[in-house]
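Note that the chains take the letters A, B and C in the order they are written out, and that residue 1 is the start of every chain.
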Amino acid sequence: MNLHSVTRSIQKLASSVPKLTQASVGIGRLGRISLVTLLVLPLAVAFPLMVGRFQVGLMVKFLIFAMFALSLDLLWGYGGILSLGHAGFFGLGAYATALVLIHFDGPGATYLGLLAGMIVPALLAALLGYFLFYGRVGGMYFAIITLVVSTVLNQMVITFIEFTGGLNGLYPIPPLTIYIPGLFDLEITGAAPLYYSMLICLVLFFLFCRKTVNSGFGRLTRAIKDNETRVEYFGYNLANGKIAVFCLSCALAGLAGGLYAPAIGFISPDLLGIAMTTEVLVWVAVGGKGTLTGAILGALLVNLIAFFLSGQLVNLWYLIMGMFLVAIVIFRPKGIMGYLRE
Amino acid sequence: MGYEPYLVQFFNGLSIAAILILVGYGLAVIFGMMRIINWAHGEFFMLGAYVVFVIGEAGGSYWLALLIAPIIVALVGAIIERFLVRHLYKELLATVLLTWGLSICLRQLVRLVIGPEWRYIGNPLPGSMTFLGISYPLYRLFIVVLAVAVMGLVGYLMLKTRFGLYCRAVRQNREMAAALGVDTDRINLLAFALGTGLAGLGGAVMAPLVTIQPDMGLSFLGDSFLVVIVGGAGSIMGIVVSALLLAGVRAILSFSIDPVWSYILVLLFATVIIRFRPQGLLGTKREE
Amino acid sequence: MERPRMVLETRDLTKQFGGVVAVNELNYAVEEGELRCLIGTNGAGKTTLFNLVTGALKPTSGEVYFRGVNITGLSPHQICRMGIGRKFQSPNIFQELSVSDNIRVAAQGKSGFLGLALHTYDETFEDQLPPLLKSIRLYEMKDLRASSLSHGQQQWLEIGMVLANHPSLLLLDEPTAGMTMAETRETVGLIRDISAGMTTIVIEHDIGFVREIAETVTVMYRGRILAEGRLDEVERDEMVRDVYLGRQRE
């Protein structure tokens, strides 16, 4: 037993980790589910029983961020379209939903609010997309315009104080309610109920994204990313294809924002800012874009680390994130999931 | 009473345009040469302002700082190009993330090292000049004069010197230029340094007029990008014209409308332009 | 007296790039069901013609008619939907997708969006997939990433993709470019099989290949048609020999 053999066995163990993470089990019509998920899921369900209320509340936020990250992964990881203003759509959805919930008191407000949270960003995306994709605007310019758009949205939210509360934000925001006429009108409040609702939402989100990615539309999206001119010679309208994935992604981002508003109870213009966009980009890049699970992993992991580095070091943390981003780009462009899959 | 406010606004617009031209041209050089959009460009602007601040704190004169700032910022730019940006010329979208990350790093470093507090420096050229019935601040006039002089220098550099010739050759056709013996790596480095140096100069010049804080580059970034988009990355004239246009439009609009709306309208204007003329107003179509 | 239906017809089609006239008042016509070869020296305008027909380029002047319909100036996806399929010179496929997915994407190009989103698994298509894969000799590789195929196999994949799109006019641009001798021989059979019941135009440099498959041959030179007819007739044509042997004629 010497140093050499020890390091060798550690190496063998380490290299088997990626293979283990690939292992999966079939569950009939729902597809395959990885071994890792099977292990993690019970943990996720038991989580609120193991930790205090504060941590659970934190996790609620992180789960919503994971959904936000998934929406970006669809657009960027699968569609190859880089948006530098995705937080704009997330925040737009949050404000749309919040405003509906605050001003509309009836039953079913939640459904209306979430619908608004999806439709408003989707409409903006459609407008932008129509203009930019039909104009054959290149990837770089598109990125710039999304950046400027989200900045403008940020400014607008700050300026129109009567609607949005300006820099002070909106507070309090009525909670989510599940309303089934005749049966019940259930408010979702409290850390644990919120946690489980968001967990379910995340799972549904993920399944929806996966179904989309594997559909004909998802295939088209990946083909566009791969070789967009070729796609036209098979009869596809390229601009429409891009508009569709952009709208879908922004609608999902808006939905995540729409969940955020009542779940957290307070929103501010920061949700639309550059910092937020940077964060979601980092989550997806770190986790591995184009993998879906990478988006969830990145969102959870990065936010957890950020939390542990606590408030004092927020500036330092942001610096580290920036360096992270630079390092990822130069050294490991595939992210964690990408690395594991190789 | 009549035209005076408009004249003042006109010169205000001119001075803003002057800065936009400096910063925008720096951006355009980098984009035109290397097809990289430098998201950290605003931070070089910010660094220029901070150099002026630091030199002021150390007792130096503003004019000295104005001379030194672009040089220091250009050096920083050169180092960044040499060790980071150089690796990514093939993957353009990756450079977006890279420079975005750099932007964060630079802002946070300044925040941590110098401090997040908002700083101010005094007007180095107080007083005003009376002409055409208005009294206008000397310093703002100086900005316009400086910008014209610098752009004239840069124009001379680009059009009449060997370096400028190489730059234009590389921009038109990189492979051909390399095959003809041009050291494209060196040109990239120098162009990047030039671009960032110009941004630093812009920041140094703006320093007396604005709040100096780590995020000051961000607000200028959007405007600079719009200038490059509208004006096209290929020509000096394009940048100049579009900077004048955008600054002018903003100045006129801010008269009667909320600055947010003027920002939106400018954005709409730029979007429409880029939709119908992707090469910018005065740019030439690139055969990709 | 009814002429046989012209599938493709160009009228005085011209394309100018600055000072260079790539296609010069070209009047080119192909009948229903033909297997036509298009040959000529480099720069004769063959690929430019394809570009003009498929909408990749807009002509400087002149028109293109497909089955009597003026398609001049339409966009590539519109032209494809009318029934023109194109195989590019170098393999133009989706590298990151699997072989089967490549074909699936190609096949669904003409269905609307809702169709794409709702139908993940199209029974009829999936049934047709294995025979198609076998006909392009790629059945064993159906789940492999396209980027892992050899150059020749990628060419076949692209042919298969274009076929899956159900065109009625097939434009093949140098389908054997970069192929080994063995692959070229395979491709002969492949093209003969697929061109049955379809109108096909093949751009080729390999005269041996042309000899194997062509019925009618068109020779282009400097944007114009130099000669047209059966290969043995064309080979004996004086002007064609001059051009190919390098003696320039104005």
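To be clear about the criterion, a contact is a pair of C-beta atoms (placed from the backbone, for glycine too) under 8 Å apart; a residue touches a chain by one contact, two chains touch by 3 or more.
Note that this is a predicted model, so its numbers are computed, not measured.
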Per CA centroids, the chain at the heart of the structure shown is A
Pick out whichever of the two, A-C or A-B, is joined by more C-beta pairs in contact. A-B
Could you state the distance in Å from the CA-based centre of subunit B to that of subunit C? 49
Quick check: how many Å separate the C-alpha centres of subunit A and subunit B? 34
When the C-alpha atoms of subunit A and subunit C are each averaged to a single point, how far apart are the two points in Å? 43
Subunit A contact footprint on subunit B (complex, rising order): 37, 84, 87-88, 91-94, 96-98, 100-105, 108-109, 111-112, 116, 218, 222, 225-226, 229, 258, 260, 263-264, 267, 270-272, 274-276, 278
For the subunit A and subunit B complex, residues of the former touching the latter: 82, 84, 131-132, 134-141, 143-145, 147-149, 151-152, 155-156, 159, 274, 278, 281, 285, 315-316, 318-319, 321-326, 328-330, 333
In their shared complex, at which residues does subunit A touch subunit C? 211-212, 214-217, 219-220, 222-223, 225-227, 230-238, 240, 244
Would you tell me which residues of subunit C are touching subunit A in their complex? 54, 75-77, 80-81, 85-86, 88, 92-97, 101, 104-106, 108-111, 113, 115-120, 122, 161, 165
